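Listed after this line are the structures, all set down as structure tokens.
After this come two complexes, each holding chain A, first together with chain B and then together with chain C.
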Partner chain A sequence: MVSPILIIAFSLFAAFFIAFFSKISKGIGRIVAFITVSVNLVISIYVIQNAMVKPILVFTGGFKPPFAINLAVDQLSAFLVLLVQILAFCMISYQMGKKGELPENKFYTLFILNVMGVSGMMMTGDIFNLFVFFEITAISSYGLVAIRKDKAALEGSMKYLIISSIGSSLFLIAIALIYGQLGTLNMADIAQKISMVNGSVLITAFLLIVSAFFIESEIFPFNGWAPDAYEGSNDTVTAMLSGFISKAGLYALLRLSFIVFGIGIKNSLFLTFGITTFIIAELSALRQTRLKRMLAYSSIGQMGLILAIMGIGTQQAVFAGIFQIFNHAFSKAILFLAFGYIFIHTGWREIEQFRGFGRKRPFLGALMSIAILNLLGFPIFAGFWSKIAILSEVGRNAKFLVLVFILFAAVVEVYYYFRFLKISYSAPVDDTAPKKTNFAVGISLTTMAVIVIAVGVYPSIITNFINSAAMALMDKAHYIQWVLGG
Partner chain B sequence: MMKDWFRNIIGVIIFVIVGIFLYSVVIHNTFGADKMVLGNHYVKDGVQETGAQNIVTTIVVLYRGFDTLGEVTVLFLAATALGAILAGFRDKKKNKKKTRASLIVSITTKFLFPMIILFGSYIFIHGHLTPGGGFPGGVVIATAFLLMFLADPYAFVSEKKLSISEGTVGMLYVITGLVGLYLFQNFLESFLPTGSPGTLLSGGIIPVIYVLIGIKVGSELTGLLNNLREDENAI
Partner chain C sequence: MLSEIIFYGSSVALISLGIMIVLTKRNLIKMIVGLSILDSGANLFLISIGYINGGTAPIMNENWSVVVDPVPQALVLTAIVIGVAVMAMALAIVVRIYEKFGTLDIRRIKELKW
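Moving on, here comes the complex of A and B:
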């Protein structure tokens, strides 16, 4: 059996390996990173196969929980880790087709450790260990955002650093409060004893955790850092931020609020903040003239939509939310990578500069259109199934006001994305000779587009996994039982 | 003007709400009560289970060894990220005149340097017996280099050697964990005999890991100081 801890051990080993050779060979980081991400992808496929049969519990140090740290990989963790690894694989393949950021070895070290941090956050069963992986993810993100070293990159990184550090210290205070009450750090153990915590301490700790992870998952009004960090970072890093770093924050929030805390206030909280974020972010996206900033606001809006649907709190709602996480991650990865690639070659920023782009470069144009149509939920794309699940679940729970808000924001979203598509497919103004798309870049983007269409045509290849994941997130008693009894 | 006024009101409201929450926490959190599930276990059975006399070390390296590996990574990441960001800003003005420290400082440093290195090594080698351990030991070693940098602005530390040493030690740490995984199916499980508490060769893999952490922290912080130093000289 392949232990999920190998993902972490292997990534760490690779990072130190790059450090060892960094001053000897300039190109080592690129190769090592590619091998690491590929191996991690294979491991995570094994992990999801095993986890679908029975959740995987991994001890460290040779002591049983709650006395030592354990990884608790259930269907939800396994699915999201697989998603992260697929995205990371596509991103590293994309990165193979272009020059890396300088210093290259350090860039790839940060990349590997960031993916490791995100995977670790999704697999751990210990609340303090979650904090450690959260720190690893956050610190590597600051470095990655700033790596281009121009003014915008440094500004974005600095804002991100300050706001996110406040978030992680709030999370640390919350952990201390819970530990002071229960004397244990294992998440299943805390979940079991949560009724012993004094009510006001519990609510304070919960609100601190919510603020911490709202910051990380870009929820209004905690998302002041997000647009600048997106705009300042380079192509791959932006795709990472939108594809999985923000999702890791959301995962931690869901795991802690559904399984560990399980208090009812979370539903209205998630619904309110999610809808607010969705509407405000989509309206802000409408006003943008720069493509990357528009995509950044759209990303924030989607995080709000996912949070809101999770706030409905039924199993179908969670199903729809996880499906939307999947779609959004792939769509935005394609969009940001394609935009980044075009930006490197042309220096285009403004939406207007893309006039006629889809005709001049039909391949990249088609990929971007696929990503956009998937995000908007058109049939034959995977996004159709998640949008339909979201709308029908909101309707079934008779939350008609929420339905109105979601539809309103979705219409705004459709409007500005179609405005972009219209510009992109209108007659070209200048005849800048279209360059060929690099082979590795093309393969990477096509893979993601094919996944999105394949799931759209045969949703059953994925709904099974998402169903089990949603079930795992809803069943608190089962989680406690298999971690502590196993 | 209106906006400032509004912002202040919001600030006061948030301040009051947070204050109420924190007050209720202070009132209701029963500090010092005997609820410590983990704490009690570590204190009662820790020495017996692991053979290390210093309980804090046991918790850091064995019970929560996975977190420690994570913390080592955090430090590594911080150093890497700093290096990555400063890389573009360095080496701008190479031939700037620097003033040397006075004769007394530079001579004293020559005597103190090996002593500090020895003391740092002592701290991390005896981590499982006395207060201290890998992190403080590594920091002490880095202070020796800091002293050297202060005394002699032309002092040279090879970045290549630093990165080789931190890379090697990091890989050895992961391999130590993987040996535990291979032998006992548990990552970072102690695979060495516990020995008798109180002797130098006891505590299973604790001394091994602390030596690795000590060297790693030492070389990382030295590299960090080195990066910052060149940057300061460049601008």
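Moving on, here comes the complex of A and C:
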């Protein structure tokens, strides 16, 4: 039996190990980081195997919940933690392959701390612990965004810091309100006693939590920081922001609103804000001339789509949302990493500069096309199944206005992505000599592309996990029972 | 009763003041001061929740009768440490911004704009 707490303990040890020994050896960061991420990946595979049979409860100090701080890993947490570790593994491989100019050991320290914070947010069963992990994730992300120390990076990081700090203070106030009413911090215990909370306090606390995590998961109108932080940050960091940092915020929002609060207002709230974000972000992406900013807006739009589909609130809808989280994380990781690699070698920023790029560098061009087609939901890619699930579930619940909005924004999305593909496969005009892709970078990007296609051809290898995850998110009584009764 | 009004009233005042400063000031240092005030307000709110009038520190001995709730105090200690970390990070970034841009006025820091 491998305990999920090892992911946190091992990552913390490795992060401070790198920081401590970075003066002695320059190359220590990449080795330790690679080992840590591989070990985390193995642990999380064990964890999901165990969690599929029976949710894992880990508590410290010899007291049982609700008194002890606990980790409560159910199928949803285990699935998302595994997703984070796979992405982190691919990103570390990518980072090792490219020769970067950033301070390496500092980068790896922050990277491991960030992965630890995100995994912790997804596994914890204690609301104050959630706050602590949230802050670890946020502070390390500020550092990661600013790590290149040029003008754009600093500006993006500062905007992110100011907005996100307000969000975390709001979350702290919400925790104080809940604690003042119930005298407990355990999420299952709060969920059990939530009907004892005064109605107006409950709504206030819920809205504070919603604003705090809307900021982190880039939902309009709380997402002013997101495009700037994306554009200012380094390639791997952008992939992290899009791949799992925003997903961690979304996970916390879903866990708190579905399991802990469970009030009906969340559905219309999520639907409204999600659809608004999806449409506004896709329309903003349409008018971008810089590729990275276009991808950033597309990323925000996808977060809106996921939130909107969660707002429908049936189990099938939650299934579709989690599937879309999976697809979006992999697609955007490929796109941002491939873009970053090209940017380092050529300095291309504008979409027009990519004219003919797909012909000159067929390998990276193919990978980017796979990621784009997956995101748009073409058959044989995993995105097809999640798009089908989303549309059929919206249709089944007779939300035709929502269906119209989703289709409209999806058409906009298809338009600007195809405009990019058309430019990148048109006749080459720029004749900078094509360079070979680094081996580690190629392996890392290909792994993600293979996962996406494999799931697209055999969706049954993953639907089982997502189904249990959706069931875990919907079943409040079961969560309370296994945390407090076990 | 009076002490409760003072505690809750001043924490709400600090929170509103902090948010107002962050939203209206144009100088990065002043905005960070605002964040700090907001943080203090949230901490004061958290600690007032565990406060009982006339209560003593929660240490077990023979003559204790009314004690305050120890959990918010533990939480506030953690929250203060986190707040200090955020302040340090923010000020470090501000120092770098001043080196690169030569100004702290957010109206003149416009590298990223669409």
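Note that the second predicted complex is superposed on the first by the 483 of 486 C-alpha atoms of A that agree within 3 Å, B and C clash if a C-alpha of one lies under 4 Å from a C-alpha of the other, contacts with A are read in each partner's own complex, and residues count from 1 in each chain.
Following the convention adopted for this analysis, a contact is a pair of C-beta atoms (placed from the backbone, for glycine too) under 8 Å apart; a residue touches a chain by one contact, two chains touch by 3 or more.
Since the model is a prediction, treat every value here as computed from it, not as a measurement.
A.B. asks: Looking at the overlay on chain A, is there a clash between chain B and chain C, or do the two fit?
C.D. replies: Chain B and chain C fit side by side in the superposed model.
A.B. asks: In the superposed arrangement, which partner chain does A:34 touch: chain B (first), chain C (second), both, or neither?
C.D. replies: A:34 sits against neither chain B nor chain C.
A.B. asks: Determine, under the contact definition given at the top, whether A:149 touches first (chain B), second (chain C), both, or neither.
C.D. replies: A:149 sits against chain B and chain C alike.
A.B. asks: With chain A's C-alpha centre as vertex, what's the angle to chain B and chain C, nearest 10 degrees?
C.D. replies: Once the structures are overlaid on A, chain A sees chain B and chain C at 30 degrees.
A.B. asks: What is the contact status of A:363 with respect to chain B (first) and chain C (second): first, second, both, or neither?
C.D. replies: The answer is neither, since A:363 touches no partner chain.
A.B. asks: Touching A:200, do we find chain B (first), chain C (second), both, or neither?
C.D. replies: first
A.B. asks: Let me test your reading of the model: by the given contact rule, A:172 touches which partner, first (chain B), second (chain C), both or neither?
C.D. replies: Once the two structures are laid over each other on A, A:172 reaches chain C alone.
A.B. asks: Between chain B and chain C, point out the one touching more chain A residues.
C.D. replies: Of the two chains, more chain A residues are contacted by B.
A.B. asks: Tell me which partner A:135 touches in the superposition: chain B (first), chain C (second), both or neither.
C.D. replies: After superposing on A, A:135 lies in contact with both chain B and chain C.
A.B. asks: Let me test your reading of the model: by the given contact rule, A:19 touches which partner, first (chain B), second (chain C), both or neither?
C.D. replies: After superposition on chain A, A:19 lies in contact with chain B alone.
A.B. asks: Pick one for A:182: touches chain B only (first), chain C only (second), both, or neither.
C.D. replies: A:182: touches chain B, not chain C.
A.B. asks: For A:46, decide between first (touching chain B), second (touching chain C), both and neither.
C.D. replies: neither
A.B. asks: Working from the superposed arrangement, determine the closest approach of chain B to chain C, counting only CA atoms, in whole Å.
C.D. replies: Here the least C-alpha separation of chain B and chain C stands at 5 Å.
A.B. asks: Enumerate the residues of chain A that count as touching chain B in its complex and touching chain C in the other.
C.D. replies: Overlap of chain B and chain C footprints on chain A: residues 128, 132, 135, 139, 142-143, 146, 149, 180, 183, 185.
A.B. asks: Of all residues in chain A, which touch chain B in the complex?
C.D. replies: 3, 5, 9, 12-13, 15-24, 58-63, 66-69, 102-103, 106-107, 109-110, 113, 120, 128-129, 132-133, 135-136, 139-140, 142-143, 146-147, 149, 177, 180-185, 189, 198, 200-201, 203-204, 207
A.B. asks: Where on chain B is chain A touching in the complex?
C.D. replies: The contact residues of chain B facing chain A are 21-22, 24-25, 27-31, 35-42, 49, 62-67, 69-71, 73-74, 76-78, 80-85, 87-89, 159-160, 163-164, 166-171, 173-175, 177-178, 180-181, 184-190.
A.B. asks: Looking at the complex, which residues from chain C come into contact with chain A?
C.D. replies: 15, 18-19, 22, 28, 31-32, 35, 38-39, 41-43, 45-46, 49, 69, 71-72, 75, 78-79, 82, 85-86, 89-90, 93-94, 96-97, 100-101, 109, 111-112, 114
A.B. asks: Note which residues of chain A are touching chain C in the complex, please.
C.D. replies: Answer in residue numbers: 128, 131-132, 135, 139, 142-143, 146, 149-152, 154-158, 161-162, 165-166, 168-169, 172-173, 175-176, 179-180, 183, 185, 227-228, 231-232, 284, 287-288, 293.
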